[in-house]
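One chain, chain A, appears in both complexes that follow, with chain B as partner in the first and chain C in the second.
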Partner chain A sequence: MIFTSFNFLIFFPIVIIIFFLFPQKYRWHFLLFASYFFYINLKPVYALLLAGVTLITYIFTRLIDNPKFANHKKSLLVVNIILALLPLFFFKYYNFVNQSVFTFLDYMGIRWQLPQINFILPIGISFYTFMALGYSIDVYNEEIHAEKSFGIVALFLSFFPLVLSGPIERAPNMFPQFKGRLLFNYYKIIKGLQWILWGYFMKLVVADRIAIYVHAIFTNISNHNGKSLFVGTLLYPIQVYADLGGYSLIAIGCAKVMGIEVMQNFNRPFFATSMSEFWRRWHISLISWLTDYIYTPLAFNLRRYKIWGIVIALLLTFFLSGLWHGATITFMVWGTIQGIFLSIEALTNKRKKNFVKKYKLHQRGWYLFICSLFTYFLFAFSEIFGGATESVSQGFLVIKKIFTNFSGPIWYENPSMILISLSAIFILFFVELKTEYFPGKFSFFNNENWVVRFLSYGFLITIILLIGVFDGGQFIYFQF
Partner chain B sequence: MDKEAIIDKLTNIFRDVFQDPEILLNNEMTANDVGSWDSLSHMLMIEQVETAFSFKFKLKEINKLKNVGVLIELIESKVV
Partner chain C sequence: MPTRLLTFKNNIYARFLLKLISLFLLVFILDFIIGGLLNRFYFTQESGNLFRTTYSFEHTSEDLLVFGSSTANHDYPSEIFQKRLKLSTYNVGRDGTSIFYDYALLQSILKRYSPKIIILNFDLDEFKKTSESYDRISSLLPYYRRHPEIRPIVELKSPYEKIKLFSKIYPYNSLFFSILAGNAEFNKKRRQDYQGYVPLTKIWGESLHSTKYKYQELDSNKIKIYKAFIHDCIAARVKLYVVCAPFFVNFENRSNSVMVGENIANEYRVKYFDFSGDPSILNKPSLFADMSHLNRKGAEIYSNKIIDKIINEESQEVSSQKR
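Here is the complex of A and B:
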């Protein structure tokens, strides 16, 4: 069951009630049961896969942390990583590698193809595999001791708010909470429910409404003019943000209700004034994972090349980020583009800083606005290859049409579709602008006056029920 | 090299790498306290510290640098 299904609306309250009825000492045991029940409901056989990755992680982290095997730590970690990555490789990358090898061999005149495998990607595999790898590496780096309780490790990797699409959490944050005192806390429950409500608004109203329009545009590129494609290009990042951001908020809110603190996954990314700032605000759990486990070791080993070592590390890290998103050339192009953006910023950082300081531009609102807009355009155009289109040639066709066919009317199915989507975007933008630039000023959910609070809840629930998309919609990050 | 000398040298490195001539180090200082201290400039700082103090960090040591105080202690242990 997914968060936006009716089943989840039944499942979650029941889980919470039973959770708090359980003696405090056994609450994490119940959570483990509930998490596997949640995952089995998707597809039972994939729960076996999750259990398998959990078992591998548990065994190898215990071995790595055992002083008897101190001389073999590195080898154990390497084997652990390979075994944990095998299912992900098999389900996500096998066909791509197979096809690439076939294309290469065919080019050399050798016709030999391994059979295609057409299994559906187990939901959440990219997320829980990264969590497992992060835990193993943390044990190797002595950031944390290997957990003796198999159940705690199993809960960490299967924890139902996170298992399908993150945030990609870390063992040092989660283990102490699972083993600690999971107490009933009224304020945490209210906060959690607020985040869940806002998450549903982002997902069902903003993301799924925009998706209808964007899908119509990008599945019919040849029949739309440059103007419509441009509008689709500008809307797609908002769709992705509201989709994954909304889903993440629901996840974080569910955990909060249970008294468990999970890391923030987005921090109002469209207010970023540079791509490096953008990537500190967007999909934070993934980027911090890549920074800690890929970028830092790479940049460290290349540090003798100074700024060029950083550039190489950035390009490789974001190429891998593209690969994580999908085994397609488009995602690799997308990842490389992000790496290029950040490399250019790294190379020009000093000069830019001096220029901004000289003219005190960082104090000027218009400068910050232009920088945010420019950053948004950069990301929006890169997203043409990051899921909006299905091939690189389609992506280039979109860009070509935007610049050569920017005439004619903007396509829309009916005026109400436009009004609804724009209204939803406006509400999202208004709240985020208020939080970014006027924090602590007039609050809706946390207003001292209960009338304002309940009117806000009521307004949002009404909006969700009236204009939310309830036919299943699509969740972009399920494909990862 | 005594601690004062280490702090002086480190202050100059911080001011150069993070382009802030007014940085004053304290033990609790972290990347959150310096605007331009991010994962990119962090590695540039590490490389300059190695060059200035003539030693090499291990990756595990980098991962355990929680604040400037820990960095100063690490440098002290390396240059003694």
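Here is the complex of A and C:
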């Protein structure tokens, strides 16, 4: 069951009605039941895996937090991390490592290979594993006490709005909410439903519409000219943003309807004026997780190397981020490119700041616009290796064609497809621009006049019915 | 102590419910009005793909009809069949469709009349199991209300299709600009059709390569519908020819779809012509527009080959009847 399926449109209202009919103190129990029902609906056997990771996390966090084992805290954490990562490694990285070892040994003249595994990656495994690891590390760092109730830990890791694609939440934010009073809050419900509606617009109207074009271009690179590939390259980040951003909004909205606050995952990333700012606005839950549990400890340990310590920490963190996205060389290249961009910015940051300050460029619209555009181009080109193409050689072919074969017309299936895609992108960017630069002005969903509010909802639903793609694929981030 | 009455104003549940109902009502009205307008303008189109589909469903009266997907639409020029066979011809093929669309269309046509000849273009992966084929049943949605005979096919798309079709806009999803263009004058010149046939003018520049056809999982629904198509043609005394068009790859083996398709045709004693590997066409890349479609020149040569076969078949049949 995915958010865009008809099943979910039946599942969610039923869950909400039963949830609020339950006595307040038992609501989280029902939520746990609903979450497992939701996950089992995808593939029952994978729920066992989720339960396994939950059990490991529960047992080890209890041990880590137990004063009796204070001297073995570190070892317990290491074992916990290894055990929690095992399923992820097995399903996501085993084939890749096996193939890499085989290639290396083959190069050395030794033929030795373990059998390949042909299981489908359990949806959400990268997300709930990171949530579990975060919780264990938080207990180790004494930022939170180990939760005594197994059910609460199970709900944290299986909470149905988040289990498939995040946001990657933290235990200190979620546990108190699950254990607290989950009440019917009219304003939270309205806000949650607004986010769900906008999330559906982003996913069905923008992401899936652009996906048709991008898919047609990147699955047939050799038959397209540089101009079409360039358009595909520019559109792909918008597709990914609308896909994961839309999914996140639906997830956050669903949680909010039940009175649970979940962290934002995106903050209008295409208005970022530098790559470092971009990464503070894009997939925030993942980046903040990586920052807290990998980058910061690394940078701290490497502090004697000064700025170069930061550069190494950045490169390693984003290399791991690439690896998290997928066990392929393309994602490693993608992660390394991000690390290089950020390292260059870290190395030139002081000079750039002085220059901007001297000419007061930060007050000039044209400068900010050029910076945003430049950041977008950098990210779009890096995304050629971030899922747009299937191999590094294909990625380089795209770049080569863009720079050497720019003649000929831009490919499109029919003018209607282009017009619909452009209309969808226009609406998205109009709303983003308004929220970024004119917050509080020209409000639609939050207008004081109920007529404007209602008409906004009505028109958005109508637009989704009119130009949404109802037969689109799954969410891009399900593959991670 | 004064008791606080549970009035509408302080009852948040009632307030929320009322607003939800009001929103549903608003969406219902918008859906009704916009969907109604789209419905009206969908059927007033005078050109384009959608117009040809409506013509195929509701107005055809030709003796010979060509069924199939894009290959059918671009490889079979109607006027050549009309000229040589002396039968009025219309090409009802539509891009991106499958046997589901063909069968729905056949049922609507047979409700009105029985054509003399039907040519069903059979794609190399006709029975391949893909979700895309089910998604593309959406091209039938505008006809769901007007043509009850196609409903079982539409409902193959998903078990919720009946519910989704409560919406008046849903059948016209993504068609807004196409409907607008179909009602505009300029559209007539854009991609003109000739009795349904849309010619391609490009010339394929690549050279022929050989490969093995990979085994494909077949869709039992498609096979069932294909059998029903043949059965209904025979029952309506329509002469059916199943034809596999040239494909610009030299396959070392036959696709399992083609083998199953041919066996079923033989079971029903329906003629099956396989031109997919015809060397006289495959050796000339200039006859192709792309790997799976012939250009205008290629379509003419190919169609004449089919007509020769049909004439040959007809004369053999006449002579056997005389005997």
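Heads up, the rule we're going with is that the second predicted complex is superposed on the first by the 478 of 480 C-alpha atoms of A that agree within 3 Å, B and C clash if a C-alpha of one lies under 4 Å from a C-alpha of the other, contacts with A are read in each partner's own complex, and residues count from 1 in each chain.
Following the convention adopted for this analysis, a contact is a pair of C-beta atoms (placed from the backbone, for glycine too) under 8 Å apart; a residue touches a chain by one contact, two chains touch by 3 or more.
A quick note: this is a predicted structure, and the numbers were derived from the prediction, not measured.
Because the two structures share chain A, they can be overlaid on it, and in that overlay chain B and chain C fit beside each other without clashing. Of the two partner chains placed by the overlay, neither chain B nor chain C lies in contact with A:Gly52. When the shared chain is aligned, chain B comes close enough to touch A:Ser276, but chain C does not. In the superposition on chain A, A:Gly151 makes contact with neither chain B nor chain C.
In the superposition on chain A, A:Glu142 makes contact with chain B only, while chain C stays out of contact range. In the superposition on chain A, contact of A:Ile461 is made with chain C only, not with chain B. The vertex angle at chain A, taken between the C-alpha centres of chain B and chain C once both structures are aligned on chain A, is 160 degrees to the nearest 10. When the two structures are aligned on their common chain, the gap between the nearest CA atoms of chain B and chain C comes to 37 Å.
Shared contact residues of chain A, touching chain B in one structure and chain C in the other, are absent.
Within the complex formed with chain B, the chain A residues making contact are 141-143, 276, 280, 291-292, 295-297, 299-301, 303-304, 306-307, 309-310, 313-314, 342, 346, 349-350, 353-354. Every residue of chain B that touches chain A in the complex is listed here, in rising order: 19, 36, 38-41, 43-44, 46-47, 50, 57, 59-60, 62-63. Remark: chain C residues 12-13, 15-16, 22-23, 26-27, 30-31, 34, 131, 135, 138, 158, 160, 163-164, 167, 169-170, 172-178, 181 touch chain A in the complex. Remark: chain A residues 6, 184, 186, 189, 414-416, 419-420, 454-455, 457-459, 461-462, 465-471 touch chain C in the complex.
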